[in-house]
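Note that chain A is present in both complexes that follow, paired respectively with chain B and with chain C.
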Partner chain A sequence: MPSFIARRFLYMLPILLVVTFIIFLLMYFQPGNAVDKLCGLACPKELRAQLIAHYGLNKPMLVQYFNWLKGVVTQLDFGYSTSYQGPALQALLGENRWLYTLLVLSASMLISWLIAVPIGIYSATHKYSIADHTFTLLGFLGLSIPNFILGLLFLWLVVGVFHLGSINHFFQVGGFLNPGLMGKPWNLTVVLNFLWHFLPPVFIIGAASMAAIIRYMRGSLLDVLGMEYVQTARAKGLRERVVIWKHAVRNAINPLISMLGFWVPYLMEGALIIAVVFNLPQIEKTFIQAIENRDNPVVMSGLFVFSVILLLGNLAADILLAISDPKIRYE
Partner chain B sequence: MNETSAPATPQSQEQAQSPEEQVYQPTSQARLIWHRFLRHKLGVLGGVTIAFLVLIFLFAEFVSPYNYHKSHYAYPYVPPMLGRIHFDGLRPYVYGLIKKNVYVEYGGVRNRLPGVLRYAENRSQKYPIKFFVHGDKYQLFGFIPTDIHLFGTGEPPNSPGQFFLFGTDSQGYDIFSQTLFGGRVSLSIGPIVILISFLFGTLLGGFSGYLGGVADTLIQRFLEIFMSLPRLALLLAIAGILAHLGNIPAMVRYWSIVGVLALVNWAPLARVIRGQFLALRNSEYTQAAQAIGAGDLRVIFRHIMPNIMSYLVVAATLAVPDIIILESILSFLGYGIQDPLISWGMLLHSFEGSGFNFQMQFHAWLLLPAAFIVVTVLAFNFMGDALRDAVDPYTVAEVKEGAL
Partner chain C sequence: MNKCVRSLMVLFVAVGVLAMVGTVVLAGLPAEPLTILNCKTGQYDNITVRTEPGPEYACPTKAGGSYTYAIIASPSTLNPVTASDTASDSISDHIFGTFYTGYSLLGAGAQGTDPQVASVINVSKDGTTVTYTLRKGLVYSDGSPVTTDDILYWYRNVVWDPNLPNSNQDSFTCTDGSPFVVTSPAANQIQVHCPQPFRTYTGVAGAMYVMSKPMALELIKSQGIATQKIIGPGPNGVLDTKPAGDDKVSGPDIGAGKDGTLNTTPAGDDTIIEVPTQEFLGLGVNLKQLRGLGPFVLSSFQSDSLAKYARNPNFYESDSNGTQLPYLNSLQIVIIPTAGFNLALSDFLNGTTDEYGPRPQDISVILSQAAAGGFGVNQDINTGIANAGETFVTPNFDDPDPNLAAVARNPAVRKALFLAIDRASLVNNVLLGIGTPQLNPVTISGTSGSQFFSGRNNTCATFIKTGLADASSCTNGVWTLSNGLPLTVTNLPDPSNADVAEELSCLNDFAGCLTKAGAMLDAAGIKLGADGVRQIPANFDPVVKNPGGAFSVQIVTNTGNTIRVEMEKVVCNGWNQIGVKCSAVTTSFPTLVHQLLGGTFTGYILIGLTGGDPAGAANVIRCGTFLHMWHVSCDPTATSGLTAPTADEVILDKDFAQGRSATDVAGAQVGFDKEQTDFAKYVPYYHLAAGNALFAERTDRISNTGGAINANDDVKFRCDLPGQQPSCNNAPHQ
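== the complex of A and B ==
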């Protein structure tokens, strides 16, 4: 197993190398350069030439790329962020933003599985009941309503319809905490307020994958329940609960795990757009702001970090699959 | 969907042989698919919805009561007048609008709430809603000059007798008219992007699957790299660069958005197509065609393509909603379509950023275009699901997941 993980991990490196090249190309071919930004439009010609030479912007493209790559590999140096007045990666990840992003991503994945798998099992074991039809319909809606609209809808309900924020200041929206509670030590109110701000985005981000998991879990379990070994288990007098959970579910869940890697990108896209809608202080929010401000080093480091998260997510999915599915040999 | 594929399927042979069916002509594959599709109520509903939307968006100038780009400065933030239609027998009419400021008392002082207006009805003025009414001039399909609109009050823009079905925005633009014109962009961009992605996907995926070997491996690694890029973030970064290029014509912007969307979307489609090619490359009829000396191109276009056409159509239909959503996200964030073109996502732009609280509280009707996004996406999903079942009820279930 460790050798499988190591090989799979090493396999990521060439992909990541090409990704850095694509990111570099994107910024290289962009009109205007860092010197224009530093020196302004009324820049004297000699100073401009001097600055360009100083930053090596007159060198061939590949040389520039390798210089940049050297900085990235040796010291994670993506350049200097003009709008944050500091190293780009620091600007992107700083102030616990990386923690929030990680928290939101993992929580939405966890919650969608914790809720969707039991619902899928219930739907399969109570096929064509009213609850099953309701869940199927809800699942279809969850898959079809884009999550930024789901987010807007939630905000509209809270702010425009029920006016929760004006009834009780506790129920303000946007950010991870009410402005008044920021920087206070953790107590019950702060924790509850954090959950009020944290859970709705997490549910909304997870909605699409939740719907998909319900659908696949139901289908997969229905397939398995028709198998002969389930019939055998029932025939030898096992309790229904044991038949379902021990014999059927454990086999039905495998195909879902293989799709885990497929859902990671969607989860990240959801987190990106929801961070904007809910004004959440995550990496994604800084990334969007950097695009707005043309802060290229931050945009580049953002693309790189997202690629790394994506690749690590796929890696985790592969490892989980290797653990859960005996058919996959990893020697 | 092609008739040449009919002999290859067992269904048509069975039908021709079974005694009840012998009174009928042998049915073509396309017709079989069509009949199976019609059995799906929701799929048909989705198809009809899309057809209806396409129709009203084609005639947007005629259906919309106003020129979507004409501002009614005197009437900003009018709430939807859907509930303010009164009936005189069967004849609908609206009352004239009276604009009122909103005041709040805070600490004993009465202050105007800035940016918020209230509209009352002036019961003494009745404005009948007429059909086929003369209004703003326009050119239908760009060359038939006329000024007839499906409905409206036919009053000049500063008259209180206006009919804003979905209300107006901060500049007094009619949201209903804007939604109709926005539909043109939002609905057209999906199919166009998918068409382009498919051309690329078929070319690369097809060659990859058909040739196999080193070419296949190389192309697959290439696709893998493409798919390990964060799609939306990359899209935003590129669109951000385009947005900062300065003033480019709106149509250039439209086509550049199309290009960018196609660029980040073709790789998964290429994978699906490659899988199909791989499966059919070793089929008997492909081998037979090769045995009688058919060239690669002939095998691809005459033998393999017709057989995967139906799969492609299904995969395409199911991929359209994704593009519509991506475009609306881009426009919502302000990196998509630009003035004078308009899209649904762009209409939601006022809810982006810290102003959303205010907008939600006082101008929630500006969210109405979002309903159109949801309906369109649902319609495409319903239709795609029904098509998938219709094309092949047994084996196509994996088409959407084929990108795995």
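== the complex of A and C ==
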């Protein structure tokens, strides 16, 4: 297994290299550059020339790319953020944004799987029951309602209908903590307040993937339950629980695990909008702002970080698949 | 003899010891106290000009609590010198003290000076020299002492740093165009000199920054920022050196020219000074390195979501009960850069924030939710006073699209586009009637700048005489438009001027103005094409030498400001009707500001500027200044080409100079009245409408406020209510 992981990890490097080149090209061919942003149209020619030379923007494209790549590889230097006025990677990940993003994404994924897989199994084993129909309906609703609508709906209920924050200041919304509790030492109130702020976006981001997983799990398990080896297991007199969980589910879940890597971009896409709706200090919101600000180094850092997360998601999926299905091995 | 010598020595030693002890004792004394708020009268002591807070204020008997408000744009810097947007000011004001209000550090108000950081302010008899004596024992938030060297450093090395273009360079300039001469005649004194006095001189001079020099040097060093050598004035404050080679004079300094090398050698008492080559007080600085004289210190900061402040333990102000200000223990600013107004409203309704500057459509929501949700809110959300400042659409003489640059430079086209904006609709439909059409940059009546508004003497009679109104539509100073919108005539410019009257007529007859605007474009040669879009002829402007093409523009404003987004649509609607193809888009606020200040943008920008005394527009109206947004490349010394000021810019410069250089209000009125009528003639940019100042506040939580939003004046005197209600219920807003 370690050699499998190492090989799989090595496969990521050329992909990342290609990704960096594509990212660079995307930004290179955009109109304007960092000096336009720093200095403006009224910039004295001498100062503009100095800044262009300072940032190496007068060099050939490939030289600029390799200089940028060298900075990325050797010092994790993605360039200078003109909006943040500091290193681009720091602008993107700093102020604990990386931690919040990681927390939200992993919690969304974990919760959606923990809830969706048992429901999918239940739906498959209770085909066409009222519960199955209900879950199917909820699944379609979850898939078809954009998560920002769910976010706004949540805000409307909390603020406009139940006036929770006005009744008790604890139930304020937006951010990961009530502003007044920011910076205070962790205690029960702070933890509960964090959960009050943290769980709604996590559930909302996870809602779409939760619905999809329910549908996939149900379909996959129904396919497997119709197979002969399941009938054989039943014919052998095994208990239904063993047939379902040991023989059917283990095989039915493999396609889902292989799709795990593909859920990551969906989750990130959801988090992108929810970070705005709930004003969450995540890298997704900074990324959106960097696009609006034409802060190219931060956009490039963001694209790179998202690519890495996607590749790591795929790696994790492959590893899990290798664990759950002994047949799958890269040679 | 020996005895005599011994006695003298003993005497010297004794005097020396006493002097040393005295020095130590004096140095150990707390800062010379500044009692700023008289708790008995509710008035501010030591302050010559102040209109609020009024007598309804009384000091709370307890201090403490926290306070939260939201801003709907992200800041772009923590440096108050380089900040050119209100979002950045909102964050840095609380740390470094407020720059632009009447409560600034040296005690500056546009109309006078108040003792603040300076305890004594002397103005010379001829009015050309102002001397500030700093308060004794003044320290920054980290306890380090304030020196005059700090003020000189920030003036010479930061404000005039050629690498950090900023608006203050335009403000700290005398009426003859020369930079303020700033010197330190004594260890605790700062002197500012101009060859001529002008009406707002003492106020502007008093707005000098008092920020820590060691902090700046530490920030520059810790971030590895390169410095550049320039030659600056020495102790006499005047540049004695003449530039050599291709070096050039910039403000009070001499810097390197095209060759990038400083060829000049300092003469007289001039010295070589080092200035940073880039911003050193940006958003990513280490907060522990910050120190200031403001009432708070920034304790945590997420530039796109939250700024949290703690009390500055060394803040130098107190109330007459002896309670050190600020009353609040902490302050939070929720930053909502993208969702803007909508999320800010939600935050207010749900109790996350204590105050909110609502849109007109939010008023009924807030009042009804307050009634349903059981929270308290002031009932006078609409203050009835127009917001100071301007909201406008600006063209771009430097537009990269030569066709758009060509039409932007043409006064007849600008006038046509101006007439094709339905301001009555803007007020009625976007501001829901809570506002006034705005036609020029001088702050409209009802605000501090009202004495300069050209329509200050308007009556219904003057409107009836010009034919704009009749006796039935204008009574008791209120002109009711055909769409039912009532307008106070003193909030409108003087209709006796033909150009102004033409603009005013559009409020009542917009259809007629559309026809006029179309005819003006026809007359200019910009005719309708077969597709219904007007075509700009080739070489429409001989300087630009444009190739010709469709008259198609986009207007951009900032995301999240839904009022401006709606205004864009109304403007585009009018322009589309006269065959100018117009689309409305949005971008982030920092990008918008950057574009406004000279980014390579094409089309038109809809944005606002803060306002007050029209003399404060020294950084806007004059060619070559920082916020001269419609012609950023304008160079007052150029006589030909794209950078040369156009004929109308020269006229407006002259009008403004006359208003600014006057030494009394009457003299200033003459210049600014002329400026307003010339704005109606040449319309360099298009004013839209001014909404009333709206202010919503949770009265169940905070009650001793004055209504101003985001100003230190206000925040310093607040305290939180939970558990302390009896001490804070001296409420003006019940």
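Basically, the second predicted complex is superposed on the first by the 317 of 331 C-alpha atoms of A that agree within 3 Å, B and C clash if a C-alpha of one lies under 4 Å from a C-alpha of the other, contacts with A are read in each partner's own complex, and residues count from 1 in each chain.
Just so we're on the same page, a contact is a pair of C-beta atoms (placed from the backbone, for glycine too) under 8 Å apart; a residue touches a chain by one contact, two chains touch by 3 or more.
What you are looking at is a predicted structure, and each value in this text was computed from that prediction instead of being measured.
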{"item": "Partners on chain A (chain B, chain C) - clash or fit", "value": "clash"}
{"item": "Partner chain(s) touched by A:W245 [first = chain B, second = chain C, both, neither]", "value": "neither"}
{"item": "Which superposed partner A:L164 touches (first chain B, second chain C, both, neither)", "value": "second"}
{"item": "Chain B versus chain C as contact partner of A:F66, first or second or both or neither", "value": "neither"}
{"item": "Which superposed partner A:R294 touches (first chain B, second chain C, both, neither)", "value": "both"}
{"item": "Contacts of A:Q50 with chain B and chain C, given as first, second, both or neither", "value": "second"}
{"item": "Contacts of A:E95 with chain B and chain C, given as first, second, both or neither", "value": "second"}
{"item": "First, second, both or neither for A:V173, with chain B first and chain C second", "value": "both"}
{"item": "Which of chain B and chain C A:Y229 touches, first, second, both or neither", "value": "neither"}
{"item": "Which superposed partner A:Y84 touches (first chain B, second chain C, both, neither)", "value": "second"}
{"item": "Stretch of chain B penetrating chain C in the combined three-chain arrangement, among 4-12, 58-66 or 112-120", "value": "112-120"}
{"item": "Doubly contacted residues of chain A, that is, touched by chain B and again by chain C", "value": "31, 155, 159-160, 163, 165, 173-174, 276-277, 279, 288, 292, 294"}
{"item": "Touching residues (chain side chain A, partner chain C) in the complex", "value": "31-32, 36-38, 40-47, 50, 81, 83-87, 90-91, 94-95, 97, 155, 158-160, 163-167, 169, 171-175, 178-180, 182-183, 276-277, 279-281, 285-286, 288-289, 292-294"}
{"item": "Chain A contact footprint on chain C (complex, rising order)", "value": "66, 68, 74, 76-77, 162-163, 165, 223, 256-258, 260, 278-279, 282-285, 299-306, 308, 330, 332, 334, 336-339, 343, 346-347, 349-352, 369, 372-375, 398, 559, 587-588, 590-591, 594, 597-600, 632-633"}
{"item": "Complex contacts: residues of chain B adjacent to chain A", "value": "224-225, 228-234, 236-238, 240-241, 244-245, 321, 325, 328-329, 332-333, 335, 348, 351-354, 356-357, 360-361, 364, 367, 370, 373-374, 377-378, 381, 401, 403-404"}
{"item": "Chain B contact footprint on chain A (complex, rising order)", "value": "15, 18-19, 22, 26, 30-31, 140-141, 143-146, 148-149, 152-153, 155-156, 159-161, 163, 165, 173-174, 258-259, 262, 265, 268-269, 272-273, 276-277, 279, 287-288, 291-292, 294, 299, 302-303, 306-307, 309-311, 314"}
